[in-house]
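Letters A, B, C and D name the chains as they come in the text, with residue numbers starting at 1 for each one.
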Amino acid sequence: MADVEADKLVISDDENHPANLIPSLCAKFWTLGWVTGTGGGCSIRNDDLVYIAPSGVQKELLKPLDLYVLSLSAQNTPERTYLRAPPRYKPSQCTPLFLAAFTRRGAGCCIHTHSQWAVLVTLLLEQQQQTQQQGNARVFEINNIEQIKGFGRGFQKTGNLGYHDTLRIPVIENTPHEEDLTEYLEAAMEEYPDTYAVLVRRHGVYVWGDNVHKAKTQCESLDYLFQLAVEMKKLGIPWISDIARIAPDRT
Amino acid sequence: MADVEADKLVISDDENHPANLIPSLCAKFWTLGWVTGTGGGCSIRNDDLVYIAPSGVQKELLKPLDLYVLSLSAQNTPERTYLRAPPRYKPSQCTPLFLAAFTRRGAGCCIHTHSQWAVLVTLLLEQQQQTQQQGNARVFEINNIEQIKGFGRGFQKTGNLGYHDTLRIPVIENTPHEEDLTEYLEAAMEEYPDTYAVLVRRHGVYVWGDNVHKAKTQCESLDYLFQLAVEMKKLGIPWISDIARIAPDRT
Amino acid sequence: MADVEADKLVISDDENHPANLIPSLCAKFWTLGWVTGTGGGCSIRNDDLVYIAPSGVQKELLKPLDLYVLSLSAQNTPERTYLRAPPRYKPSQCTPLFLAAFTRRGAGCCIHTHSQWAVLVTLLLEQQQQTQQQGNARVFEINNIEQIKGFGRGFQKTGNLGYHDTLRIPVIENTPHEEDLTEYLEAAMEEYPDTYAVLVRRHGVYVWGDNVHKAKTQCESLDYLFQLAVEMKKLGIPWISDIARIAPDRT
Amino acid sequence: MADVEADKLVISDDENHPANLIPSLCAKFWTLGWVTGTGGGCSIRNDDLVYIAPSGVQKELLKPLDLYVLSLSAQNTPERTYLRAPPRYKPSQCTPLFLAAFTRRGAGCCIHTHSQWAVLVTLLLEQQQQTQQQGNARVFEINNIEQIKGFGRGFQKTGNLGYHDTLRIPVIENTPHEEDLTEYLEAAMEEYPDTYAVLVRRHGVYVWGDNVHKAKTQCESLDYLFQLAVEMKKLGIPWISDIARIAPDRT
């Protein structure tokens, strides 16, 4: 399959071509600690074409010729067919999870990180439920932080969340095999139709967006909030506050 | 508006031209975690011309051709007129806040960060007032730290703060719409005429200076102090101390 | 010894040649805080040839011509013979430890870091045994974290650890002279035949792998887990949990 | 003074020339958080010539033509004469402190950082003395950490500290004017003749070495130990331990 014709799918002079964007994004994500030790990844959809990094590569060294390309419309055929495959790699176990964001939410890009801040937030929720018998370990909630405005209001809605809105990110339990997360991820999408992210306990987070720009900036904003939430916990500051402010809400 | 003539306002071979400085500064700020997920920004004033980044861009990818240029003297006309606008963006909601620093303090540059250290300092002040019924949540104060000398003594004053001086940064409450912060920012400038920065609760900080060099180094020094203050809090060390030292004060 | 013929052993246009990889890896490790102040290092084995950085160099400045090359099969001769030596350096004290990984585990690459996270983990284990009279200060254990899957199942075994598997890294006591660690490192390899790493109390960690890719990604994953473990400790979250999950285990 | 002839003192094609090294080192130090907001600095001595950065510059932007050059032997003349001065800057207030390291310890390079870890260590020592009535706030002591071996044994001594040796760094009180620290720095050098560094309370640290390599790697090792010490304090682990180990001490 890795023939000359198929390779054209990942060769472009345009720095904004998905085959060039994925390596440059992954290199950036490596410096942020999101894709340490081959963990995590990133996939971009361009109409029907899905570009995706292989399994087990060092993300800061990724090259366009390392990428898989598959057809979204053909992905439910018994044997998922790759339009282009790199010669020496295996497909990523994240593939069905990325595809869920593309097919169920029309996402244009999906990012998976192993950020420690994401993992710590899921551990803190678990701890809170176990030790204090309070709270819900299955959803991360935070409000009254400006960075919340970095998120879209939800699926097929226009505009972004407001400062006083509560951002809610569902948490699913991890499974031994990453592929097996798919059904739980999809269920979380059903339960929280407006979310752009799903946390995976003791594992990391999946974040998507309508396009690369939105997926990347939402992922950054979320990681910012996770880190802030961990620091708030260390300092004894609650994630949810009820600031009763009446401020002019102009639109 | 994005015509060839107007574009000349943002095209220059000089690396110190505002249209080149804003992108290079923003890229640096991104690595510092100040402008995560399109948050934060930077504006430079050159005499009557104000250069400003658009709303919602990835700051580490900013290009000179993305910038707005407006005339400071014309900014109070009913419809603020841009001398140059990029084709596909919207003006930043920070614009009136940057302009306040330019018109009321004669600043040459204003930086807005979402630094987590700034946010945590405002949260700690809030917590201190709520739980201990002490302190003033509306001003951050620190003294007897060398880095305080990184700040000018105040508006139209010469020289810098001394080691034993107390640095005071007012804190205003956040509003749902960033533009609505303007009146509170201006009120804080009135109440603390010598401050070069205003913290915004649960949001970040605005820092300015007479020129790019001063705005940038004051912003760095302040972020340093915010981070130090958070670590001091974790270790139980108070921000204000009364070291009664009599040291030779040569000028 | 540093003659023209021997220098050819470290001169190559191939960026994946060991003499080029060691400097680029060490520069990367420096930014990660693993080889601060000339501490730590990295060695690569290519069949019988072993490439190794000298003692006491700034790792981010390392050049191919700074490297030693020795023959693995000749390394037990009374006087270890270097096939190539840089003119002005001394061999690294880590040499016998790197060789232990090559000869006893068939490793292709071995990395030694002074990562603070590794040091803190060994201190926490020591503290736990001293103050709580519980736990075993001689082994670091963690389970139910996704990043554990970044490790091979063990020496001459295929496949990687699973999410629910417990990762065990033995800890040896530090010695005044690094060379003297060799016998303890080898003993730990005997006691934990499947480990790919050995922690050294108050010192750092040695991590190896069948090849450069595996050693580097295992070292990254381990450092990630050490950092996470320290943060978990600060937040009161135990490293070992018993999540009794029955998830489909497809292979 | 900034004439063509004098400028030759700072123009060289050799990347290891002091006039090139100081900018490249300062840029690196900026990324490490050592010279934030124009704080801190670095000076190199080459025989009788001393190269030194000016006051108040952004250290990551420093250029060779920004540097001062002065003669060490002429520095005690009533008016210190600069062999070369940049046109628009002022000499650094750190100058007499750097010179103290050159004249009293024969150092070839001296680095001054505002590292937060250094500042926090001095604050913790102060706190310990005030609240627990124990310990000596005027000296930082740590032992049984491998990185201690990164320090020379002392002035005019050969060899490095050992793993079990206690590293002692004296702490002096800060003064409103940096120049006024000189006498206290010199007194600390007298009291601790073997130290390669002096901490300045609530300010930072001065570190030197026989040459650039040693000053830089000792400064890195020390910052590593300061950071480790702060984290140890957060986790309740003492800086001094008495591990009675009898390990073979081969020399």
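One rule holds for everything that comes next: a contact is a pair of C-beta atoms (placed from the backbone, for glycine too) under 8 Å apart; a residue touches a chain by one contact, two chains touch by 3 or more.
Note that this is a predicted model, so its numbers are computed, not measured.
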item: Any chain that touches chain B and chain A; value: none
item: Residue-number overlap at the chain C/chain D interface, same or different (half cut); value: different
item: Between chain C and chain B, distance of the C-alpha-averaged centres to the nearest whole Å; value: 44
item: Centre distance in Å when chain B and chain D are each reduced to the mean of their C-alpha atoms; value: 31
item: Where chain C touches two or more other chains at once, by residue number; value: 234
item: Footprint of chain A on chain C - complex, ascending; value: 144-147, 150, 162-164, 213, 216-218, 220-221, 223-224, 227-228, 231-232, 234-237, 245, 247-250
item: Residues on chain C engaged by chain D in the complex (per definition of touch); value: 33, 36-39, 56, 58, 114, 116, 119-120, 123-124, 127, 173-177, 179-180, 200, 202-204, 230, 233-234
